[in-house]
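In what follows, structures are represented as structure tokens.
Presented sequentially are two complexes of chain A, the first with chain B as partner and the second with chain C.
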Partner chain A sequence: MDQFIQQFLTGLSIGSILLLVAIGLSIIYGAMGIINLAHGEFVMLGAYAAWFLQVQFGMGLLTSLVPIFLLVAAFGWLIERFVLSFLNNRPLDTILATWGVGIMLQQAVRLTAGGELRYVKMPEALSNSTDILGVQISLYRVFLLVASLVLFAATWLLMNRTTVGMKLRAIIQDRSVAASFGVNARRIYGLTFAYGAGLAGLAGALVSPLKSVSPEMGTGYVIDAFMVVVLGGVQSLVGTVASAFILGELSGVIAFLQNDTVAKAIVLLAIVVLIRFRPQGMFATRVRA
Partner chain B sequence: MMQPKSIDPISRHRPSAELVAILLVCALVIVAPVLLNNDYLLNKVARYLVLGMLAMSLSLSWGYAGILNLGQAMSFGLGSYAMAMTLKLKTVPVHTGPQGLPDFMVWNNVTQLPWFWWPFESQTFAIFAGMAIPAAVAAALGWFMFRGRITGVYVAIITLAAMVVLNLVIIDQQQYTGGFNGITDLAQLELFGIAFDAYGRSTYYLVAICMTGALLGAYAFTRTKAGLIIQAIRDHESRVRYFGYDVGAYQIAAFALSAAIAGLAGMLYTIVMEFASPTFLGVQLSLSVVVWCAVGGRQSLLGALLGAILVAGVQGALSESATFLETWTLVMGGLFVLIVLFLPKGLAGLVSSLWTLARQRSFRPFRSLHRIGQTEGGA
Partner chain C sequence: MLADRAHREGFFVFEQGMEMKLTRRQLLRNTAAFGAFASTGFPHIWIKNADLASAAAGEIKVGVLFSLTGTTAIIEESLNKATLLAIEEINAAGGIKGMKIVPVVEDPASDPATFADKARKLVVGDKCVSVFGSYTSASRKAVLPVFERQNNLYWYPTLYEGRECSKNVIYTGAVPNQQQDEFIPWLINKFGKKFYLIGSNYIYPKEENNYCKKLLQKHGGEVVAEEYVPLGHSEFSSVINKFKSTQPNVIFSTVVGDSVVALHRQYHAAGLDPEKMPMASLTTSENEIAAMGGEAAAGHFTSAPYFMVFQSPENEKFVAAYKKRWGADKVTHFVSEACYFQIHLFKQAVEKLAVSDITPPNIRDAVKGQETLAPQGKVRIEPENLHTWLWPKIAQAQSDGQFKILVQAKNWLKPLPYAAYPGQVCSEKGLVVQN
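Then we have the complex of A and B:
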């Protein structure tokens, strides 16, 4: 029983990290039809920003979260403004452009910060373990779970309860009609991309104490996060949450029985089979071309 | 999403210029050893030709069929491993364990040759498998994707993910695959009594002939009816579907053909480099292939091939100095973004539009003279 709970909690923890990384990707893809292959590099930037702020200014992880979000979001805005907005009707080319941007970011970080692994300290208050149902679990992992759910809730509110969100949803439904009602699509796209990038940066900062920080760390994340989006279905935030935790639990169990690599391979195979029969994802209620 | 794209006047009308260019390049490739009397240089050129072939295979699936395969290096790596496995089993016993067991298996306490290595005792099988396995994997992946009517962006990510996962599996299963180090210390390939030394002319000619064959074959394929249908699918998928064509089947076929060519290139790469490594199916290489294709021109087989030789050649020339190499990745990323933004058809597109422009210019005087003559005659 203990083992079962332990396993379940591990899965939850993996799922919360997946969710953190996937929300931004999902928002950007759902809203703009852009697969942002630089997403992993935004995650990496967030992690490096956390490391930099800690080493240079001695800032704690929690206090540096807001500046990191703003920093990476601003960066995302620039990318949208000066690269992606040129590619309005060429969705397949956005994937290439973001890939190119990602490679540049990776190399730029490698050149400036060095290729070696960096480590970010965990906040003091969260470095202990706690006892849940008789199982020891690190407080930080609990914090991550809460943080991922809070970010999800914030995103949901932003999308569904604010004017900006409403405008975004209008653009998703029909860009030209929305524009004729006076919605500035370019501005909204810029903001959306910035928000998605900012979320990626936050995700990077939040996972940085658990994983070592390196220029290549992004590649794995973007693929995992994309799996979450495919499984959850585009334009379905709730689907993203559900699939993040399903994949988290699944990876946790397979990794326990076999190892991480086998878990990744099996999850990928399952998703490839799934898209044959439900290309719109598990949780999407409607599909728009 | 379904904006009518600017339709390229499909190449059937202007075959001559491109075919002439292809034949010229092929001829140049065949006579190159006469001009280059340096084994090291010859090996280098052979390497670039193989990479060019890989880029050409991506152009077939991306430029012609509209299937952006970000994991093209997966097929390349599979081919490369197939060749490396059979050559490993042929190495002289010094490098191997008892019963011809590859050395890395001995180090990993594997006592018996695993079952999937058995058929590679036969070189004929390996050469067949080097193309058939990538093609079969692509066809299976394609069946799931194209039968599920997955669109461009999804295909790109799924192929990328498949490659990354296979790469992880190969590194992880060290006892059977050589893991991170790959498969090294290979025997030389022997075909029809000819030994293919990586630095010898025979290898260069093997590469040159395979490349020429693949290029001409792929070019011929794009001219067949199936080739035209594939281009039609790229331009307007549903319209082709309404005509009653089985779109998925054509896409799967193009995808598998492209994978088979990439597999052949992978096999040649093992012969030229004398090892196989997980980096052959790494993200880095796969990205490079896409960049080469984009630079050279994704919708031109020859353009992609030359793009690969050009970019890889420049990279090779710069790689003498380590700092240059590091900035190079940065430059390449930037170049790639710029090309995607402003020159989507790559250098081949540029050449082709300059060519039409030049021809229009040179023909205009005649045409107008002709017209003047007509009006005068009429008056």
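Then we have the complex of A and C:
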């Protein structure tokens, strides 16, 4: 029984990290249809921002979260404004452009911060482990789980309970009609992309104390994030959450019974099979078109 | 709207008319621009000397082949730095018989195929008499045919899995017997006989574990689990659950690269105790510890021929020079040390030759049996197999990010690249298989 609970909590924790990384991508891909291959680099920028603020200004991880969100969001806004907004409705060019931006970011970080792995300190109060239902689990992992759910809730509220969110949903349904009602699509797109980038930055900062910080760290995350978004169904935030936790539990359990190499292969295979029979993902939102 | 539906319905579904928009010229332009970008990379230390082709011009050209970009650049950058430092020191002291060593630095971008291309360029195009390079076994295997066909010489500084007997490679890193012979019995003695073997999923950890299992058998240890995670893996929570359920006495880790950092940090966060279940590693160096933080590293063990804290006049000089040249926050480790002393071995070998005789095969023959005072102690190239006699040490990581050396070998240890394969010996004539 202990082992079952232990494994269940582990799956939740893996899922929460997947969710953290995927939310930003889900917003950008779902709302704007942009396949953002630089997403992993936004994650990486967040982690490096955490490192930089810690080394230069001695800021703890928790206090630096807001500045990190703003920094990476501002950077995302610039990318949208000066690169992607010129490539509207050109998906292939957008993929190439975001890929290029990603490579440039990697190299820029390598040239400025150096190529070695960097260290981000875990908040003192969260560095121990705690007992939940009789099993030991890292406090920081519990914190990540809570953080991912909070970010999800905030994003959901933003999309469904604010004017900006409403305008965005209007644009998603029909950009030209929304524009004719006075919605400034360019502005909304810029804000959306900035928000998605900011979330990616937060994700990078939050996972950095458990993982390693290097210029290439984003590559792995972007693949995971795409798996989550594609499996969950584009445009469905709830789908993203569900698929993150399903993938987390699934890879956790298979890794426990077999090993991580097998887990990775089986999870990918499962996604491929599912996409074959349900290309829209598990939770497709129905929208009149 | 068509476009919106396309976005909703799948991953790579593009709008109608997409094919029309992407003309061939556009595609060519895009790919060409991208290709140029990818292959050029960024400028780095770049010493070009295409017009001076031979050693006769008072210069000795050598290749330096460590990745400055890509995944393993994290560690290979430091190898590049240690190599250049040694070359600069030798040149500053007058070079070799008055000739300067000219390093031709190439960036193989962490990609084995690029390693082979750049190696060919250095050997055939630049006519280097030796190339110093590689961190991963994959990249060494990729360049091997180039050096064997051209009969040139490759100097490989990394600890590796052994089981190789090339006459065109000088191996200055440790092989399994030099890291494990002392380590495994010591661990059994101190902590117990149940071992959990965890490694990254490729040849190096599998060969090391192969040898480890032989030693465990010999010394009465047992394997509770043997497991491999994908390269670059960073989620170890299920692995840690297995540590908890199998309760080994020692976790024998051959996990490499950034995975080491994730494994240690998650082990620490999960509240496991290094005093009861320490990780014993062959690959965790000062470099990785700087990235994981002292608190996650403290209490775990590493076996290697060199640690930054080792006290010897040569090491003090090396560490001081390295920090002065590359920055006070930089660390030296067991691979960068080998990068450093192998240049000195190269110098000694070339010094023995007449200027007209400086060719790769002659350098190889001259380096056989050469000894030098390296930071770790006196090392020697074994004439039989071109591997290096080294000084095994066992150390425990401390919370200040450095190691504390607990055990030092009383004698240097002969390299046995085929220790795990009884009946096979690497000799001067090549691999000998006795039945």
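Throughout what follows, the second predicted complex is superposed on the first by the 285 of 289 C-alpha atoms of A that agree within 3 Å, B and C clash if a C-alpha of one lies under 4 Å from a C-alpha of the other, contacts with A are read in each partner's own complex, and residues count from 1 in each chain.
Keep in mind that, in the parts below, contacts are C-beta pairs under 8 Å (C-beta built on N, C-alpha and C of every residue); 3 or more make two chains touch, one makes a residue touch a chain.
Every value quoted in this text rests on a predicted model; they were computed, and no experiment measured them.
Once the two complexes are overlaid on the shared chain, A:169 sits clear of chain B and of chain C alike. In the superposed model, A:111 makes contact with both chain B and chain C.
In the superposed model, A:137 lies in contact with chain C only, and not with chain B.
When the two structures are aligned on the shared chain, A:227 is found in touch with chain B, with no touch to chain C. Contacts of A:186 after superposition on the shared chain: neither chain B nor chain C is touched. When chain B and chain C are set side by side, the one touching more residues of chain A is C.
Using the contact criterion defined above for the overlaid structures, shared-chain residue A:87 touches chain B, although it does not reach chain C. In the superposition on chain A, A:268 makes contact with chain B only, not with chain C. In the superposition on chain A, A:277 makes contact with chain B only, while chain C stays out of contact range. Touch criterion met: A:259 reaches chain B and chain C at once. For the contact definition in use here, the residues of chain A common to its chain B contact set and its chain C contact set are 33, 35, 89-93, 96, 100, 103, 107, 110-111, 220, 226, 230, 259, 261, 264, 275, 279, 289. Remark: chain A residues 33, 35, 83, 86-87, 89-93, 95-97, 99-104, 106-108, 110-111, 219-220, 223, 226-227, 230, 259, 261-262, 264-265, 268, 271-273, 275-277, 279, 289 touch chain B in the complex. Chain A contributes residues 3, 6-7, 10, 13-14, 17, 33, 35, 89-93, 96, 100, 103, 107, 110-111, 114-119, 121-122, 127-129, 136-141, 172-176, 209-217, 220, 226, 230, 234-235, 251-253, 255-256, 259-261, 263-264, 275, 279-280, 284-285, 287, 289 to its touches with chain C in the complex. Looking at the complex, you find that chain B touches chain A at residues 1-3, 68, 70, 141, 143-145, 147-150, 152-154, 156-158, 160-162, 164-165, 168-169, 171-172, 283, 287, 290-291, 294, 326-327, 329-330, 332-334, 336-337, 340-341, 344. Those residues of chain C that touch chain A in the shared complex are 1, 3-11, 14-15, 18, 21-22, 30, 34, 37-38, 41-42, 68-71, 73-74, 77-78, 201, 227-230, 232-235, 237-239, 241-242, 244-245, 258-259, 261-262, 265-266, 268-271, 287-288, 290-293, 295.
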